[in-house]
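Note that the chains are named A, B, C and D in the order they appear, and that numbering of residues resets to 1 at the start of each chain.
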Amino acid sequence: MELGLAHYLTLAAILFCTGILGLIISRNIVKILISIEILLNAVNINFAAFANFADLDEAKGQIFAIFIMAIAAAEIALGLAILIACYRNRHSVDIEDYTSLKG
Amino acid sequence: MEVLQLLFFGMFALVIVVSALGAVFCKNIVHSIVSLVITFLSISGIFVLLNADFLAISQIIIYAVGITILLVFSIMFTTTKDDNNLWIAFKPRTLLAFVVAGSLFILLMFNITDKFTDFNKNPKLFITKAPKESTVKTLKEQGTTPIIGKQLLTTYVLPFEVLSILLLGVVIGAAVIAKKEEIPPC
Amino acid sequence: MEFFINNVWVIPALPLWGFLLILFGRAFNFYQNKYISLALTVGSTFIGFIFSIFILLYCINNPETNTRYNILWLDAGNLKFSVGWLVDNLAAMMLVVVTSISLLIQIYSHGYMEQDKGYHRFFAYLVLFNFSMLALVLSTNLFQTYIFWELVGVSSYLLIGFWFDRPSAAQAAKKAFIINRIGDFGLLVGTLALLFYSLNWWTSTQNVLLEFATLGQAGSLALANAGPVLFGLLAIGLLLGPIAKSAQIPLHTWLADAMEGPTPISALIHAATMVAAGVYLIARLYPVFELSTQVMTIMAWVGAITAFIPATIAITQTDIKKCLAYSTCSQLGYMVLAMGIGAYSAGLFHLMTHAYFKAMLFLCSGAVIHSLADQQDMRYMGGLRKKMPTVAYTYLIGTLAISGLLLSGFWSKEAILSSLYTQGKGLLLVIALITAFMTTYYMFRSYFMTFEGEYRGKAHFHKPSKVMTVPLIVLAIPSAIIGFLFSGSLKSIGIESFDRFVFNVHAIHGDHGGLFLPICSLIIALLGFLLAGVIYWDKLTSLYCSCFKNIQKQITPLYKLSINKWYFDDFNNLLIKYLILPISEFLSIFDKYVIDGLVNLCGLSTLYKGKALSLLQNGNVQTYLVTALLSFVAIIMVMILIYIV
Amino acid sequence: MEFLSLNILIFAPLIVAGIILSPLFPNDEIIVRRFAKGFAGLLFIYSILFMIFFKPHEVGYQFKENIKLFSDANWIEPLGISLSFGVDGISIILVVLTTFLVMLALIASKKAITTKHKLYYSLILVLTTAILGMVTSRDLFLFFLFWELELIPMYFLISIWGTGKKEYSAMKFFLYTFFGSLFMLAGILALNYFHVINTGVSTFSIETLTYSRHYDIPFMFEALIFFGFFIAFAVKLPIVPLHTWLPNAHVDAPTPVSMLLAGILLKMGGYGLIRFNTQMLPEMIKIFAPILIVLGVINIIYAAFVALVQKDLKLLVAYSSISHMGFVLLGLGALNVAGISGAMFQMIAHGLISAGLFLVVGVIYLRTKTRTFSQLGGLGQVMPKAFYFTMLLALASLGLPLLIGFAAEVMIFYGAFTSDSLEGFVLSNQVMTGLAAISIIITAAYLLWMLQKVFMGNMFEKWQKTSDLTPHEAIALTFLSIPIVLFGLYPEGITSLFLPFVDNLVSHFTL
């Protein structure tokens, strides 16, 4: 058995679905952020895999993975800042307490 | 060599899946962060397997160190003892989440395993292409860093600079958002 | 003389100018002086009066006069309505009657209204009425008549409601207008139907639609096209107009209430001119009515009943103006009765004589009321003959005239009665004679109660001014002699009988029934006088005690019927209260709760659907996410399925 | 003639609205109002010039305009949509009516509007543009565009400056009209579709679709198109049972807006019925005339009865509006010259009269802060001028001869009575007209009752100090009274403008 693209993609898919699962079922806001990181990592694996198997000459996938990392860092920084701001108001990190969007 | 690769891949993949599930399902938030760090580190191993040494290093620096520290700090700021008991929600959406995740996985697997090609009318979706001789040489001697560096400073220079502005904005924004509100003068 | 005929438009045009001048003069406050309003009013009427006199003389000399002039007013498709003027003997007679009575009443009004703060308004309304009435008289076609028919109605509305701060006046004005509108409705539908059934003939051969001169031909065409039943309905529709305007039963109730207006108005509009316009219109439409004997019979019976019932009501009225109002109603019934039995000229003759003496009677009552500080109840009058002899004697002349005791009323009433007699309408004749008896009775009753005996009131008396008494004296002259003048007895000196005079307008000869009837009616009138005298004249009351004391108790039910005006008003009120208003209320509620309810239900149902769906919007971001992803997965699945199949 | 440009007439109010709204314009009530008023006066004079230079005997559009924005092509060339304007017999008179009533509404705004002046006056001017565009557009799509544009200022005018349940009323008005206009849009698109499949050219031009339509649309579809238009205009006119937005909107709208709503916007329904349902679909109107007449008679009688028991002054006037608009339907259903001219005339007459009545209601409300009949009474003693003007308006409204309402009613009654458009229907034209004529009694009853309750009889002590008309109100009412009397005496002045058009219209479906 040769290690091919499909293996990496499968791994990324499993990781992605785990991320989705965590995103939906978590109650802790920090955990939701963690799930988002997992999602992004799954994507990164995909990018790196494609770069390796299809386009190693220019490695565009790796460049995009780098961009994604930067943006992930930005996202988590902002997200946590917002979390802290929210926490200051509600004194809770339980997502069930944040229902201002209720129609 | 191939067997070794396969062995490493299997090991890393197992660790990734288990630790990612752990990160999601751990009851204690600190446990899940530890689990997450393990995931990140394993992913960097996967990157190594994928000829992406720069990414692997970046992964460790940004994710396994930077983001984790942020997360730990935020937990310190926010979580009280009660919040430690926040586990997964037992709501209708939990069930739906499993359905969604499962069906999404099945869909993705359809795609990956070429079962899709029958109705896609595009039989070779993922064309794998062997790299040039020069590239292989560069890789062997210097790794991917020169390739990425050249690309970033030529073709992708604009996104690169925009990214730096974004990060600057984030630094300021995060500081502004997270800082304590001043009591407005009466 | 030709000049006056050709410029007859001046007669209604001057009051119109007068109206506009007063309106703008007052609206922009150009003048304060009451005499300017008065001069504009009286001046316009006076010139009109001079014109009318000359036109009448011309018509007497040229009995065939029929001058017409038409202006196209409204033109749309085959609709061509004109306005204009028509001078023939009938119009000439009406012109003189209207302008002469108007003139005197306007002068009288100056005395009556001098202290009123609405003086200018009063005269503005008065000239407006003058304009409408004169234009109505001069109408060349039915459509024009309809226009001015409504305009006199609105002038009457304005004048009845002149003292609009009195609730009763406001109510009476509204009632008058609405009841007249019922008549207008009939007139409008009748006119349209008449036009419709002869439309091709009108549009193909005539320039002026609905012209009176050719109404006969159109009527027979309509009869041929519509058949007798529809034609009868059409004619009844047309008749509804005069019924309302001339206060015939069952649309008579407004006339008594109309006495809420100032007394000169009661004299001018609600006794002499406007209410007589109904009879005038019947005369104009005679060629149409004649075609249907059933309608003529209906007309005669409406007239007869109207002559009878108001007379019985007048017997018990204590308000002097109400008494006169019911008397007017009754006399108008006489005229319509005459028209209905084909006594065309007799009806018009009675119209003319009645206009004079009834106007005078009303003015007398106005003088009395004015002198007694607005006291209208005859029970608080009495003995006024010594205090204001002029008024008393003119009132007596009027009373004699209306009773048919030798003055003008005698001649016209006799003409009607003899027509009834010669045509063998026994029952109608009996009703007419009973009415004549009652007329004499209640008129003398009012005379005795007001002018004879002792003064029973408390109000301070002040003498009526010259402005008010002179018109009375002037009016007394025609009231006394006009019947004799046109009776045909003066043929030798060149004055034709009234019968001959209107013959040229519509060729029907009056009937003469010999000597029996005049004597009979005189006797009946004398009986009425005696009865009134016995009950109400202090010089004869000694008889009353012995003969009549017991009778009163036995006729209580009849008395109640009379004093309650035969319950017509109550019936109308019940009709409105229990039929019209409930329908309206029902429709209003239906509108609010059913139609609008359905509309709001649509809105509410959307709202609740939204509410139900908004349960999904529980505020939890993850739920939204899972929904979105689920939909995404579902869409992909469906697409895959489509590809597979 | 060169200086008469419809473009200027239509878009000048929009530009002026922009000027007023711009932050550079001084935010001073008096300056804003005088500027808007002055502009409206100029606009009215300008529109009068159009009427003077209008040649009534020419059939078809005059003063044609076709704005080409960037090149020689029409506005949206591929779909055949053009920014084309023009006036003919029935629109010229509505153009003048619009500018006239806008001017009066602005004069009457002095006391009625107390906040957000800049926004108010600019919205009124936007509304003017919408209405003028509606009556002058020669393109169906453009018509629809303006039809929708008119809703927006109207919504804000009611919901911001109104009283009572203003948001509810504004929303109801908006949704109701919108609901109707969807059907119209479907009709417009269907007309275009059939033109495309028959000729291969896409066009929305009213002239082309009216006069050069040489193909047959399948009966079912033509009927559906007819009803699409009909529902839109039925909501606007309004026709019972689609009328319930009107009492709400009128009662809650501020006085000047009520004037415009009753005076012009309701007329758009009648205008649409003549322009589209009658002129474009003559075959259909011949078939569906009985529906028009039956609905017209129901409108007349039903609304009159409902008006009879209203306890609110403004509601009474609103229902009288509905009743009077029924005459428009009755006249249209007659399908002869007299009837359609009468319908047109009734629209003008009602536009003037109802605007006046709403103004008077506003005047009374401003002083007494109530519109309930039981609270009013005897006001004629302290407000004689208002009393006389109301009397004039009420008499004109109930169809008094020699005032403007009468000529309209006569033409309509005559047209409906002598028409045979109901041939084969259960009831004849004559019976239906007879039924409609009952309204002359009921109309008199409720209007005179209104006069009696408000102005006559005893006065409450509390109204002793009520002041009479201010010069502004008096001027507005005088301006309104002039055409009411003038064209009542001389109806030819109006009818001569649109008679050739109506003649031509009728000749098309009698052939």
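Throughout what follows, contacts are C-beta pairs under 8 Å (C-beta built on N, C-alpha and C of every residue); 3 or more make two chains touch, one makes a residue touch a chain.
Just so it is clear, the model here is predicted, and its values are computed rather than measured.
Graph distance from chain A to chain D, where chains that touch are one step apart, equals 2. Computed from the mean C-alpha positions, the centre of chain C lies at a distance of 37 Å from the centre of chain D.
Computed centre separation for the pair chain A/chain B is 6 angstrom, with centres defined by C-alpha atoms. Chain A and chain C have Cα centroids separated by 95 Å.
Chain B and chain D have Cα centroids lying 66 Å from one another.
Shared interface positions of chain A, i.e. residues touching 2 or more other chains, are given as 20, 24-26, 95-96. Those residues of chain B in touch with two or more other chains are numbered 89, 93, 96-97, 100, 104.
Of all residues in chain D, none touches 2 or more other chains.
Pairwise, the chains that make contact are A-B, A-C, B-C, C-D. Chain C makes touch with chain B in their complex at residues 620, 622-623, 626, 629-630, 633, 636-637, 640, 643-644. Taken in their complex, chain A has these residues touching chain B: 1-11, 13-22, 24-28, 30-31, 33-35, 37-38, 41, 44-45, 48-60, 62-63, 65-67, 69-74, 76-78, 80-85, 87-88, 92-96. Residues of chain A that touch chain C in their complex: 20, 23-26, 32, 95-96, 98-103.
Per the touch definition, chain C reaches chain A in the complex via residues 614, 617-622, 624-626, 629.
Chain B contributes residues 2, 5-6, 9, 13, 16-17, 20-21, 23-25, 29, 32-33, 36, 39-40, 43, 46-47, 49-52, 54-55, 58-59, 62-63, 66-67, 70-71, 73-75, 77-79, 83, 86-89, 93-94, 96-98, 100-102, 104-105, 108-109, 112-113, 126-129, 131-132, 135, 139, 144, 147-148, 151-152, 156, 159, 163, 166-167, 170-171, 173-175, 177-178, 180-181 to its touches with chain A in the complex.
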